[in-house]
Structures are given as C-alpha cells and as structure tokens.
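Here chain A shows up in two complexes: once beside chain B, once beside chain C.
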Partner chain A sequence: MSDTLVKPSSAQPAPAAPKRRRNWLAIAATAVGLVLLVLLPVIIGTEVAYLKVAQYILIGAVGGIGLTLLVGQAGQLSLAHPFFLLVGAVSYAVLSGEAEADLVGLGLPPVIGLIGAVAVSGLLGLAFAPVAGRLRGIYLGVASLSLVFLGLWLGQSLESLTGGTSSGRTPPTFELFGFAFANSEPAPTILGVAIQKQQRLWFLFLALAVIAYLLARGAVRSRIGRAWRAVRDNEAAAAAMGVNVTRVKAGAFVVSSAYAGLAGVMTALWLDLVKPDENEFTGNYSLTVAIAFLAIVIIGGLGSVPGAVFGAVVVYGLQQFFLLGANEFGWFADAEFGGLTAVVLSAFVYGTAVVLVVLFEPGGAAAIGRRLVGRRAPAPVPAAPGGRDTPERNDDDPRA
Partner chain B sequence: MSAGTRDEAAVAAEPPTGLRDDVRELVVEDLTLRFGGITALDAVSFTVAPGTVHALIGPNGAGKSSCFNVISGLYRPTRDPAPREPGVRHRVRAPREVRYGDADLTALSPHKLAALGIGRSFQNIALSPGSTVRDNVLTGRHVLTRGGFLSGGLRLPRTVREERRHTARAEEICDFLGLADRLDTVVGVLPYGVAKRVDIARALAIEPTLLLLDEPAAGLNATETAQMAVTITGLRDALGISVLLVEHDMGLVMGIADRVSVLDFGRLIADGPPAEVQADPGVIRAYLGTGEDETDDETDGGATADGGGDGVPS
Partner chain C sequence: MTTFVQLLVNGLGKGAVYALLALGFVVIFKATEVVNFAHGSLVLVGGYLVYELKDALGWPTAAVVGVLAAALAGLLIERALLANATSADHNGLALLTIGIDVIITEEIVRRVGADIPFIGDPYDAQPIQLGAVTVFRTQAIALVVGAVLIAAFLLAFRYSSWGVAMRAQAENREAAALMGIRSSRVTATAWLVAGALAGVAVLFIATQDFSGAGLGRGTHAIALVAFPAAILGGLDSTAGAVVGGIVVGLTEALSAQYISFEFSKSAVFLVMLVVLVVRPSGLFGTKELSRV
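And now, the complex of A and B:
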C-alpha cells in the first residue's frame, strides 16, 4: 500500500517546475526608475519646492514601510507611529545637537545621532511590546493611540529636549564623512544644476529610503517574515512550528518603531525644525499623521512594501501637492471654499481612496499591481469547504 | 504488495528504514486535567513506543483533544496540592506527567516542542491562507534555521545559502506528500483535502521524531481519508518516526494504528492493539451506549439495562 508513496529521497524526477527566469524587463524598468530618481534634482532644476514634495514622499515611504511590516505582515494594528516619529526627531536633535542655554545636546556626530535616534525609537517600541503582546486588533490600535497623547504631553513638558511648542529647536545639519548636507559656496554641480542643501538632502533621503525598502523586502521573504505571517494568521500554529510568539511580536514592534524613528529624523531634516505639536489634531506627530500612515498602508495593500511606497505617493504626495498649489498658485484662497485647506482636501481624497480600496480591492494597490502584471491571476475558485474565502493577496511573494 | 506494515514483529525487528535512535518514547503518566468542577482527564496513562502509529480515540467529549493539548503544551495538567502536615518539610517534585525521552513536556512553552522534534498538525487547518504552499511549509523550518530582521533584510550570503538549502528540503517534503505541483499555489485557494496535506507537510518540515496529528481525516471524504491513511503509514515507514493521532474515523484508526488508546469520560478504558481494543466490551459499550444493552435484552432476555454491562455477545 505504501508503494504509491514517493519516498523523500527517491530519484523520481520532479515535475518540471517553471524555472524562475530573471525578468529583464522588470530589471530594466527598475534601473531606469532609479536613474530617474537619482537625477530628479537635475530634472526639477531650480524649482526646489517640487523637490521638497518628493522628499516628503520619501518620509512617508520609510514610515509607511515600517507600519506595513507591523500591521500587514505581523498583524498588529498600531496608531502609535507619530509618537515614534517624534522620538526619532527629538533623539536626533538631542544626540547630535549642541547644548545651548536651555537645551540638552550631546554634540555627537550626526551619523551617530541618526543611528542613535533609530535605536532609541526601536527601544521605546520594545518598551511598548508587553502591551502589544497582550492586546490584538482594534484594542491594540486604541492602546497604541495613547502613545500619541503621551508624546504630545511629553513634547510639551520636556522643553529642554524638544525646545517647546513655541520655538522648537533646530536639528543639527547632517554630515557624512565631513560632507555637510547644507548650502555651500561654491556648490558642486551636476549637468549645470547646483547641488545645494535640498538636492543633497534628496540624495540622503533617497539612500535611506532605498536601504529601508531593501531591508524590508529582504526581511519579508526570509525567515523572520514567515514567522511574522505565521503569528498573524494563527498564534497556536506558529508556536507549534517553534516560533516564539511573544518575541516575534515584540520584534516586529521594534522594527516598525525604528522605521518610524528614521522617518522622524527625516522629518526633522526636512522641516529643519524639531517642534512638538500644539494639539493632538494638527502637526507632524499628531492623530492626523497616525491616520495618514494607516491610509498609506491600506491604500498600498496590507503587508506590501512596494504598496507602502505607492501609498506614500498618494497620501503624502497629495498633501504636499495641494500645499504647493496653495502657496504657489493661491488655491483655496477663496473664502467661498469654506475653510478648505490643502491638508483637509488631501485628507478627503485619501479618505475616499481608503473607502474605495476597502470596498473594491481589499488587497490594495499591491493586488491591482499584481493583476496588471498578470502574474498568478487568482483563478475563480469555488469557496473551499469550511467557508474560507479566497484571499486576493499573496504576501510572501518576494515581488509583491 | 510490500510486507505488511502493521506486522508487529516486522516493526519491532526491522522497521523499513531502520529505527532511528533519536526517536524517543512519549510517556503519558497519571495525567489529570480539570476545568473547574469538570474532570476532562482522570489519571490517564499510555505510552507511544518509538516508530509506532498510536491512535487516541473516544466518543465526543471523551477528552481526546484535551489530552492532545496537554501533550502539545497548550494546557497544563491539574495538580492537587499534596496535603501538608505542619512542621514537616515537604519536598516538592514536579510530577512530569508527560515526558518525551527525558524532556518534561508539562514544563515547556508550546514553542519549545518543535526544537525537541515534536511536530503537530491542526484539526482546523491553521495555515497562512495568503502564503504559498512552499512558504507555509518553510515556516516549519523555523527552529532549524537562524537569522532575524537584519540578516534576512541584508540577504547575507550565509542566509541566502541556508534559505536555498531549506527550500530544497521543504520542496522534497511537499513532493513526498504529493504537493509538488502546488508549491507556488496560495494555500487559501486549495481544496480542503490538499490543505490538510500542506498542514502535515509543514509539521514534517520541522523534521519531527514524533508527529502529533489532530483529526487528520476530519472533513475529508472517503477517498481522501484512504489517501490520508496511506500517507500516514507511508511517512512512518519512510521516516521511522512515531505518530500519535487523535481521530474519530474508526476505519482509519483500525486500519493504520499499531496501538490504540481509548478514552471515555476522561478515563482510559482500553489500551492495546486495534483488534484487541475492538473486541473490548468496555469500548463497545462506550461507543454503542445503551444499544448494546438492548442487544443483551434480546439475547439473554433477562439482563437489566444497567447491570448487564459484562455480558457482551462475542
């Protein structure tokens, strides 16, 4: 009776598995895309305002990637992202800033400050992990929301660190091996375009975002990514596979917080200012930002790293696009618009996008992208016995 | 036809691939589990000998799943505090009701079991529906591999090599279970019977020496159940490991088990080879209930419904 069974080491030829061919088209497209991104300051030229929009999108991308790993891959809902952004921004200013009258500053090299800020954010994420390990779903979301309020209060109380709500403090100029990310005279040029502070910051942000992206993609397709998904889908089964559920959940929170911390440092450099929010609804570390990051993750498709980048383009890009319109071309200046500002309008737009995604394509942009590329189109499969619905996503796909 | 796989002598003397020396004995001894006032398990003892297929059966609510969950570390046995006499120093020693080799399973977190070589499948498939078959089975390699966020994220050469090696092994295991052409299929779209095999493939991926199967035939049709029987005996023969299965399907159990333990109302009422257990009056009573007594009435014509338990028509 066991004759029909294939022995594990039998020499029976495996059915011709489709060889994973390198898709030269995709590689070429990626290369062209990267070159365009690197040359963006040249393409944009002197219109630095557009470059600022692009920089801002990268901040959203880095933070969004961190959140999609936590929410989409590890299955932990978090609204605490702005808190870790604030931690990152303030830590950078404290670690690398100079001590002034009322301000604490350690004066460390900015690279150390950046790495340290990421580490501090990750450690604070670890401190929250016991809570994250005990709650799930919407309960964890609400509990994590409390961190935003904690951040608001701490930011306003610890003026020696944050600079306070009235003036804030200036973050130290980023430097790498003696190369300052600031204006200089004379400035080096590429194709006739002077590479000044904003251009340099663009290159820095691009490098950080690419590193963040590649790390996340690698992690998702490796052992830790599988452990995240196992924990997300069934903790008992994950434990039976030897996954230390508590540790993996805590680890996901640490990674996500570290990403948020990096986005915080980038925010500080982008604004050239570290300033705690005045209230919980508006500002760079507020509830609005928590919702915006969630929108990035949902629009992009839960758990999809490229999706998070796309979501950042939609959410963070639109907001800055409308702001640009308001500043440059006087949009929304009409009183008839009834208090419609760039931020409010972009919130409406991405709010609509979230509703549309949830209604029509729960897999988000990642699922749409997969369908466009035409890979592994999910065949119309009748519902399996047991009533499990057909998932639209394939979140271990390294190319997802 | 191959030599009878259920031939006891053959198993003891010359198992197909030679008895591995790392397959240990699973001992359940005097195991008690209570939920409030309800005794789910009452001093249950049995032993899963290395290299055997051992079935744990019983009517609904007999305590099979509870027993299974204690073994896999999800429940802890209930231990009554020993009566203490004042002035006497009591040496407290953990009873170690469930042991695998030297390891005390009652003191381990569930995630430590995989490292001991104990794999388990789930009654209601507990796979990641959005991941491919290959990815799900690779999850079983967790304890056999190393690396966290950074080594995975950086795709260090060592990590990539390890990944490749373990992927090859996972695919081999899928091949073994007839899943070779489904490797890239997302689990959520698979038919139930195939998904069950993926669940077992994942449990096998931890390279277990003891495989715990929770109702492997639940929800399967007759053909799929027959296939499952072939799979279970086949993997025992090919890998030389022990299998403990909790099962409702008597046909499956009696066909493949080397030994059967029967639970009823939390007590072990029989333990032995299938044929012996099948003929056990207590087992027949537990499964057929009063119907068996009615049979008594017909044949003997005088036995009372309650007291006639001993008289079993042979």
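And now, the complex of A and C:
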C-alpha cells in the first residue's frame, strides 16, 4: 500500500519518462478511419462527383501540411504556396508530357514526372531561401507574395511550357508500373463498384496524402522539427544551441515548397488540365489560393499536421461541397440567395472561421480537438525558481 | 521624350495613390504593430458606397460619404474585433484581418456583381493636353490630392498632439500609457485615419485611367500592390511609405511601357525583393536587433 505514495527523496533520480502507452482505442479508430477512406469509392458508388470533392480535400490537405510546417513549425510566413503549386503542375506536364507542336515535353514515365515535379518545386524553394533567410515575419510574407506575381507572369510568357492562358495543356495520364490511372474496359471491380479513372485517382491521392502526412509527423517529432521550433521561438538561442539557423530555415522552405509542388501535380491530375491564371486574383494559382491555404493552416492550428487536414476539409471541402450542391441540386439558384454563390458562401464560412479562431482559440482546431479528446499534456516541467513557466504551445508536444 | 514625361506624371500620380495606401498600413503598424491585411477591403467599402450613392446624391457628396464610410469601417473593425482579441498577439491579429478581408471582399464583389463599375466620374477618361504631352486627368488630380493629403498627414504626425501621442505609443507603449496617453484612443484613430486614406485612394484606383480595372477584385489586387510600397520604404516609417509609393508607381508605369503590361506588377515585386535583399527592413525601416 505504501507504494502509492512516492517518498520525496533527494537521492531519487528524476522519474524516467513514462513509457508511451499504446492507446488501443485510438489505434482502432485510426484503422477504422483508414479502412473507410480506402473503401470510400465503394461507399460512394457511382456518384463520382462526391469522390471529386474528397479528392480535392486531399489536395488541400497535402498543400496545407506543407504550409503548416513552414508557418507554424518554422515560423516563416509565406504566401508563395500558389507559385509552387503552379511549378509542380507545370513541371509534371513538361517532364512526362509528350512533345507536341508548340509544347515542350520530355515524355518521361509519369512516376518520374511526379517525383521530378516535387524535386523541381523543392529546388525553386531552395533558390528563394537566400531571400527567405534574410527576412522575418510580415516582410517575408510580402516578399513571398512576389513569387505569385512572378508565377503569373512566367505562366503567361512561357507558353511552350504552360500551354498559355487560353487553352493550357493536358497533363499526362498517371501510370504506375504499367497500370494507368484512366478509364479502361473492362475495369476491375471492388464489391461491385467499377474502379475507373476517378476511383483510381482517389487511391493515388490517398496514398500520396498518407505518405505526406506520415513524413510531416515524423519531421515534427524528430530533430528536424525541434530545430524548426527552436529557430521559430528564438533564432539567437537556437544558434547558441548549435542549430544552423540558415540551413534550417532554408530546409523548411524547401520541404514546404516540395509539398506544394506535390499538391500542384495533384491539382493538374484533378482538373485534367494545366493552365496558368489570367489574372492574379482568380484562378488555381492566384492570391485567393494563397489566402485559402493560410486559412487552412490557421483554422487547423498553426503547426499542427492533423489540424491542416481538418482545415482542408473546412476550406477546400466546403467550397467543392457547395459547388456540388449548386450543380447537382440547384442550390443558390433561388432569388432569395441574391447572387450568393458556392465560392462566396465558402469564403464567408472560412473567413468567419479564421476570425473566430483568432478571437477565441488561437490554437485552432488542434487545440479544440485535444481538449475534446481530453488528452493531457505531459506533466509540465517545473519552472526554475523565479523562472518563466514552460510556455504551452500546441505543437511542442510530439504526441499532439 | 514626351512619352517619358507622360509616363513620369502617370507614374507619380499612381505613386501618390500607393503612398496614401501605404501610409495607412504604416500608421496602423506604428500604433499597434499589426499588419492590416484588410486594407484592400477598406478600399472596397469606400468605393462601393460611392458607386451606390453617386446617382442619388451626386458624385461629390457620394465621395465624401465613401471616405467617411471607409474610415468608419476601419474604426469598426478595430473596436469590434481587434480590440476584443485579447488572447492574440500582433501576428495573430494580422491573421484575423485576413479573415475580415475575405468576408468583406467577397460580399462587396458579390454586390457589385458583373458590373465592375468605374467611379471617377468627374475626371476619368478625360486626358489633359499640355502642349505635346497628354496626361491622364485622374493621375494628375491624384498627384495633387495625394501631395496635399500626405503633407497634411506628415505635418499632423509631427506637430499635432495626436501625432505626438501616436509617435509616443510607437516608441514605447507602456511609457506612453504611463504618461497618460490613452492607448485605445490612439489605436482607434490610427484605424480611422488609415480607413479615410483608403477611401480617398479608391476614388482614383477604380478608374479607367488608373488601371482599367473597375471596382471589384481588380481594385482589391491593386490595393495589395501598396504592400510592396509600405514594405519597400520600411513598415514603421511614414517617409518611407511616401518614397515606397512613388517608387512603386514609377516602376509600374515605366515597366508597363518599356517591357510589357503583364510584367509591370511583377516588376514592382521584383524591385521590392531587390531592396529587401539589400536592406531587410526596407529603405527607412528600423533595423531589428536581436539581443542575446
């Protein structure tokens, strides 16, 4: 009975970190969730439009994860995400597309094209790193905005790569070891549902998103993530601890750009089109997208990888959901809505969500989720006498 | 040569408008360290009221109402939302203004609809002929109005008790509060002034002369170009905002003529990038020191 009380003893070594207990409930829930996601095409059946919404959410999730690592973990505000999306999409089309009359295409296997597109995006991120490394906060945010304008201009000028604003170009069909992600006759079936192009793309997107998610979680938990947070919180202190600040900042930008590049490839496959924007404020690679990605990150909670996925559901999911409703069920067609379109309504929702998050829960959905699940943070490290309490950050807990 | 003089006047006129917007950023930033991403939507609020009221009230009255409305919108955003976000730091507040911007912009763009109206009735599309030189009337008037407003602002900032209070708060918030300067009032007036400047700017932006982009997303995007102006000069420098505005205006006008119209917006941002690489805090901004 006495072992319930721990005798305070100066000789006692610091208690070993409690062994991480496997939460079987959480593991089971994750497994069920994954199975549901894998079977989503079967659940949805023939309503492919719903599957397109789900695919779109995954694009937002992959891009959002990349941005949350950069903004939340490494503390670098960036509005350049649409630029790297464009780079990814165009690189994929150029690397794997066939050369046509006016278009450059290398005709490489699509897998190489996808990996290459991610690499090119990452390298361009590295090229911007010398600028990013010198700037902080809002200065960096506005400087990164220049990439969006640069992308707009390059997209319009380099028509042999992008296909130009009027027609664009068709991205090559994705293939994996001879298996084409396109319609085929006869198509394989799962539980009676034919696995055609959209179903196949869903599996591809899901696989990419899961890989992106796991890599990001790994980075956050590991030495890399600790270095990012150290630099974010105090560059001088991080340097004193032996963190190479320049390299870490550049690394965060590269990783984030690579994620955006992947999201760009997914966008190209989703739209079945690579087409640069006509102006800077509407389109798939425009300022609107930069703001939308920032909203994803804020709503999810800065720095939280699962939060970014949730943010993607709110921002990207709602928009496509409303669009779907408008197309399928004629929502917003009534006069009483007064010109309220799907895009406007979803912008209202996520705009309001951003305002509410900052006002009431700066930790975002990640903080709310943690409270709902009731998972406690690890026992706080006692503050040194007269010292500051350990700050409570939603993203410092590797289990968060 | 005549082209060059035309471009110069054109660019300076645009620069004056950008300077008005950039001053708005800087005033808010100096008072609160918050970067106001909702500036573009303040511009739209003013422009929208002018568009709605100019037929009923006549253009001059509508313009005054528009400026006042933009000022009040700024005040309202600060009082109703930012002042109540006690748990957020200034970075969080900047994110908050992004949310506000999305909502207001979407609503106004939706209300304007497919019209995309121009609101510079008395001067728009009426070029002035000065000898061999043809000058856009909008830009010429913008230059005069901008110069007057900027001079008035800088004088007030330097000599009025409001300006002294503002500079004191920018210097040291706590010390200013201890000296009896009401922080909330200084902050509120900063937003009021920034909104009014945005309301004036839109009278020139949403014209055929300025950009050919009527009131709508195009106007909002132009307001965003004032960001480089503010950043280029240094976010905490009023003189920098004026210089930045003029640099941006001239860059845009000259590159549109000599390189290409599509390139002109990118050119603005490239100039800003070059400046930032050399001077990370802008031309006149306070250098950020890190104490170890």
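The rule is short, and it goes like this: the second predicted complex is superposed on the first by the 358 of 400 C-alpha atoms of A that agree within 3 Å, B and C clash if a C-alpha of one lies under 4 Å from a C-alpha of the other, contacts with A are read in each partner's own complex, and residues count from 1 in each chain.
We adopt the following convention: contacts are C-beta pairs under 8 Å (C-beta built on N, C-alpha and C of every residue); 3 or more make two chains touch, one makes a residue touch a chain.
If you're wondering where the values come from, they're calculated on a predicted model, not measured in any experiment.
Of the two partner chains placed by superposition, only chain B is touched by A:241; chain C is not.
Contacts of A:226 after superposition: chain B is touched, whereas chain C is not reached.
When the two complexes are overlaid on their common chain A, residue A:215 makes contact with chain B while staying clear of chain C. In the superposition on chain A, contact is made by A:287 with chain C only, not with chain B. When the shared chain is aligned, chain B comes close enough to touch A:255, but chain C does not. Applying the stated contact rule after C-alpha superposition, one finds that A:139 touches chain C and leaves chain B untouched. With the contact threshold set out at the top, residues 236-237, 240 of chain A are in contact with chain B in one structure and with chain C in the other. Within the complex, the chain C residues that touch chain A are 35, 81, 84-85, 87-88, 91-96, 98-103, 106-107, 109-111, 113, 217-218, 220-221, 224, 227-228, 231, 235, 262-263, 265-266, 268-270, 272-273, 276-277, 280-282, 288, 290-292.
Interface of chain B with chain A (complex): residues 1-2, 5, 72-74, 109-115, 119-120, 122, 124-132, 135, 138-143, 145-155, 159, 163, 171-173, 175-176, 178, 180-181, 183-184, 186, 188-192, 195, 202-203, 206, 219, 230-231, 233-235, 237-239. Within the complex formed with chain B, the residues of chain A that make contact are 1-9, 12, 14-15, 17-18, 214-219, 221-227, 229-230, 232-234, 236-245, 251, 255, 376, 378-379, 381, 384-386, 388-391, 393-397. Chain A makes touch with chain C in their complex at residues 130-131, 134-139, 141-143, 145-146, 149-150, 152-153, 156-157, 235-237, 240, 279-282, 287, 291, 294-295, 298, 339-341, 343-344, 347-348, 350-355, 358-360, 362.
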